[in-house]
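Which chain is which? They are A, B, C and D, in the order written, and residues in each are numbered from 1.
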Amino acid sequence: MKRFSRDQMAARVARDIPEGAYVNLGIGLPTMVANHLPRDREIFLHSENGLLGMGPAPAAGQEDADLINAGKQPVTLLTGGAYFHHADSFAMMRGGHLDFCVLGAFQVSRTGDLANWHTGAKDAIPAVGGAMDLAIGAKSVFVMMDHQTKSGASKIVERCTYPLTGVACVNRIYTDLAVIDVTPEGLRVVEIVEELSFEELERITGVPLVRASSPAMAH
Amino acid sequence: MKRFSRDQMAARVARDIPEGAYVNLGIGLPTMVANHLPRDREIFLHSENGLLGMGPAPAAGQEDADLINAGKQPVTLLTGGAYFHHADSFAMMRGGHLDFCVLGAFQVSRTGDLANWHTGAKDAIPAVGGAMDLAIGAKSVFVMMDHQTKSGASKIVERCTYPLTGVACVNRIYTDLAVIDVTPEGLRVVEIVEELSFEELERITGVPLVRASSPAMAH
Amino acid sequence: MIDKTVSTPAAAVADIPDGATVMIGGFGTAGMPSQLIDALIDQGARDLTIVNNNAGNGEVGLAALLKKKRVRKIICSFPRQTDSYVFDSLYHAGEIELELVPQGNLAERIRAAGAGIGAFFTPTAYGTPLAEGKETRIIDGRGYVLEYPISADFALVKAEKGDRWGNLVYRKTARNFGPIMASAAKCTVVQVREIVELGAIDPEVMVTPGIFVQRVVGVDVADALTQPQAAA
Amino acid sequence: MIDKTVSTPAAAVADIPDGATVMIGGFGTAGMPSQLIDALIDQGARDLTIVNNNAGNGEVGLAALLKKKRVRKIICSFPRQTDSYVFDSLYHAGEIELELVPQGNLAERIRAAGAGIGAFFTPTAYGTPLAEGKETRIIDGRGYVLEYPISADFALVKAEKGDRWGNLVYRKTARNFGPIMASAAKCTVVQVREIVELGAIDPEVMVTPGIFVQRVVGVDVADALTQPQAAA
């Protein structure tokens, strides 16, 4: 079966982010979205450790230990960017001022519940960071993840079995097989990878899906 | 009967404010305290409209409409002072970071309830400003007021008849007749104007008073 | 390229509808966005709810807006001033609704709206008439009142400098309600003395990042100070 | 004359008692007050409750404090990191208590302590295991969790510049928890790269006014970066 590559997924997310958007890209896969944002489009990247207008990684040797992102990697600040403290930074998120958050996930439920911080393993040390703030911290929350686990189980589920990060918070899911909106009418398929039918996608996903109304969107 | 003048009252309050104190002086009579703070003592005046390190009024012609105090009068900023927004300014107060607030009052009760924002007159337009924030906004709340109303009624009362500004918030009362602490044991007289006896003060006040334990303090 | 600058105050407030809740910055006249208020008066929106610390001075700015009977309700901490006669007469005539809020609770409620806080327990006003009918709670032996956020459709704010991304710095105590109101409104409109190039505001010094600002309009302050308020 | 400067990190932390709650600034190593932490290790206080976003890296700073078994409990959002093996082994051995708090709730709870807020309703963590046992409420159709302030006996903070009144500015993202922790502790101790004259920090630019700071100690950062952490 053909699948979207990670770069294709990141490019697909980037396409949905318009000029002028305020965006937080979560750690891991979502970080790749930054590489696909067109340079001529002014987009404001937020990092929850107190940074708005985040630029690309600095050149080697130009790293500044006081200028890092939420993943604790060295970054730069664009002209026009700003620094602020943690309470102000999370107020920005919780207050709904970000247009988009893009997050990784273990599972997303049919109603948009998100599980992405803890596998529930008993001996695992729990660590949440900003995950729960990000989950509720944007007008639109996008999830980027593989459609299935390595063992082939669907990560889109009727009900999350992993501990939740947020309830009914996901708006759109980008996987290596499809782009799916979480809507009041159910999971609506916006796009499917080539050579995969809606019926086959629904079988792999294991929960009911809804066809997009526009015939141009899903094939 | 001899009474403390307003200047004497202000000087008496000033004596109780040590170097390094963070202080908010309320509108009206308390403002006079600033004139009596010794110049060699570094004291930090806070104004709730977003100012710490407030200096004296500017020379005529030097007024700046953007640099005013809570009474909307032109002021100056000392070297080392700071500006901040209203939420930060009231956080400073509510969070207990000020050492002293000095406020005027209509009435103070035996248990330190304060009434200073509204006479309760039915046709009066209510206006509270920062009064209620100031009442709870310092480690020690000092009240400066005449001991009696113009008609001779005590302003220190068993229970306030005017609408309250704050409950059990006053620590010390400076009047034109005495200095009185609000303590768990009752109103303890720290100082009385010359030629007035404790008994006479208690009669005028109309609520039970307690003698200071130190004989040097009350006569 | 993102450019939030707008050419005139009139254009900046053109879409404020009847019935809108509008925050107006300023403490007294410091930080009062006079040109935006005048533009709002000219624009004609009515049935407004206004959030401001005061209720207008003399017959200019907010007082002028009140005088034209455009305001249904005002949320403020200190309506009564020596020169608040416009508000006073409307209030006595029952022609305006007043929600009186202690100044620090007003600031914190606005901040809460901007910060996504659903409600908070504040010690201010506990045990007073302004807490009547409100939920209270004793926490660690201290009394608190539950207060809810105040948000707005529009905020009109005055700042010192702004750039095309909407980044702002203020001047002295004119900062007052500007930063929190900017965070609490769906659409924040800012009049600045000077529009500066992107990068002219040091990122360490920025008070309001552009994320909180939708429109910036340059206003010549020299004009503002000398020109009589047309709408009064 | 008020002079909050202290000559050495050791003197600045000398009176932190056993059992104290100590906030430590920093996000990872940015803003981490390493010299103050080392001084605290040398000082010997134990049975501490530490508030920090993380739970230490490698074997220096906070990790070194943990390794010496001085910490009874840690309140943080993200203890597990690639190099958090000191914490990991203590946790698995049941030798340290962990209160896990989502990062934004951690920041807001610290801010609430500094701002005198008794408790607040936050949407973060609603419906998740981290809200279990906590009071919840639906406000305007959205679920919220009631969270309480986190205050401390001491805060150890790193800033860029400070003056004798305790006024501070920070550097880039090293600002992170500094300003809010400074507001939430009874005694805030700050290590700065440079002690400056009063007036050297512009009043418009000051991030932490001295009211929140009790002690300032100058630390040579060049030393700090090159010198091996003695206490590790």
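We adopt the following convention: a contact is a pair of C-beta atoms (placed from the backbone, for glycine too) under 8 Å apart; a residue touches a chain by one contact, two chains touch by 3 or more.
This is a predicted model, so every value here is computed, not measured.
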Pair joined by the larger number of C-beta contacts - B-C, B-D
B-C
Distance between the centres, which are taken as Cα means, of chain D and chain A, whole angstrom
30
From the mean C-alpha coordinate of chain B to that of chain D, what's the distance rounded to whole Å?
35
Cα centre of chain A to Cα centre of chain B, whole Å, reads 55
Please output the residue numbers of chain B that touch at least 2 other chains, ranges allowed.
77, 83-84, 90-91, 93-94, 136-137
So which stretches of chain C touch two or more other chains?
108, 111, 115-117, 122-123, 170-172, 204
Go ahead and list every pair of chains that touch.
A-C, A-D, B-C, B-D, C-D
Touching residues on chain D, where the partner in the complex is chain A:
27-31, 53, 77-81, 84, 87-88, 91-92, 98, 100-108, 110-111, 122-130, 143, 170-180, 207
Which bits of chain D are touching chain C when the two form their complex?
108, 112, 115-123, 137, 139-140, 142, 144, 148, 169-172, 202, 204-205
Contact set on chain C toward chain A in their complex
1-2, 111, 113-117, 163, 165, 167, 183, 198-199, 201, 203-204, 206, 209-212
Listed in rising order, the residues of chain B that touch chain C in the complex are 47-51, 64-68, 72, 77, 83-87, 89-91, 93-94, 113, 118, 123-133, 136-137, 163-167
Residues of chain B defined as touching chain D within the complex
19-20, 22, 42, 44, 46, 52-53, 77, 79-84, 90-98, 136-137
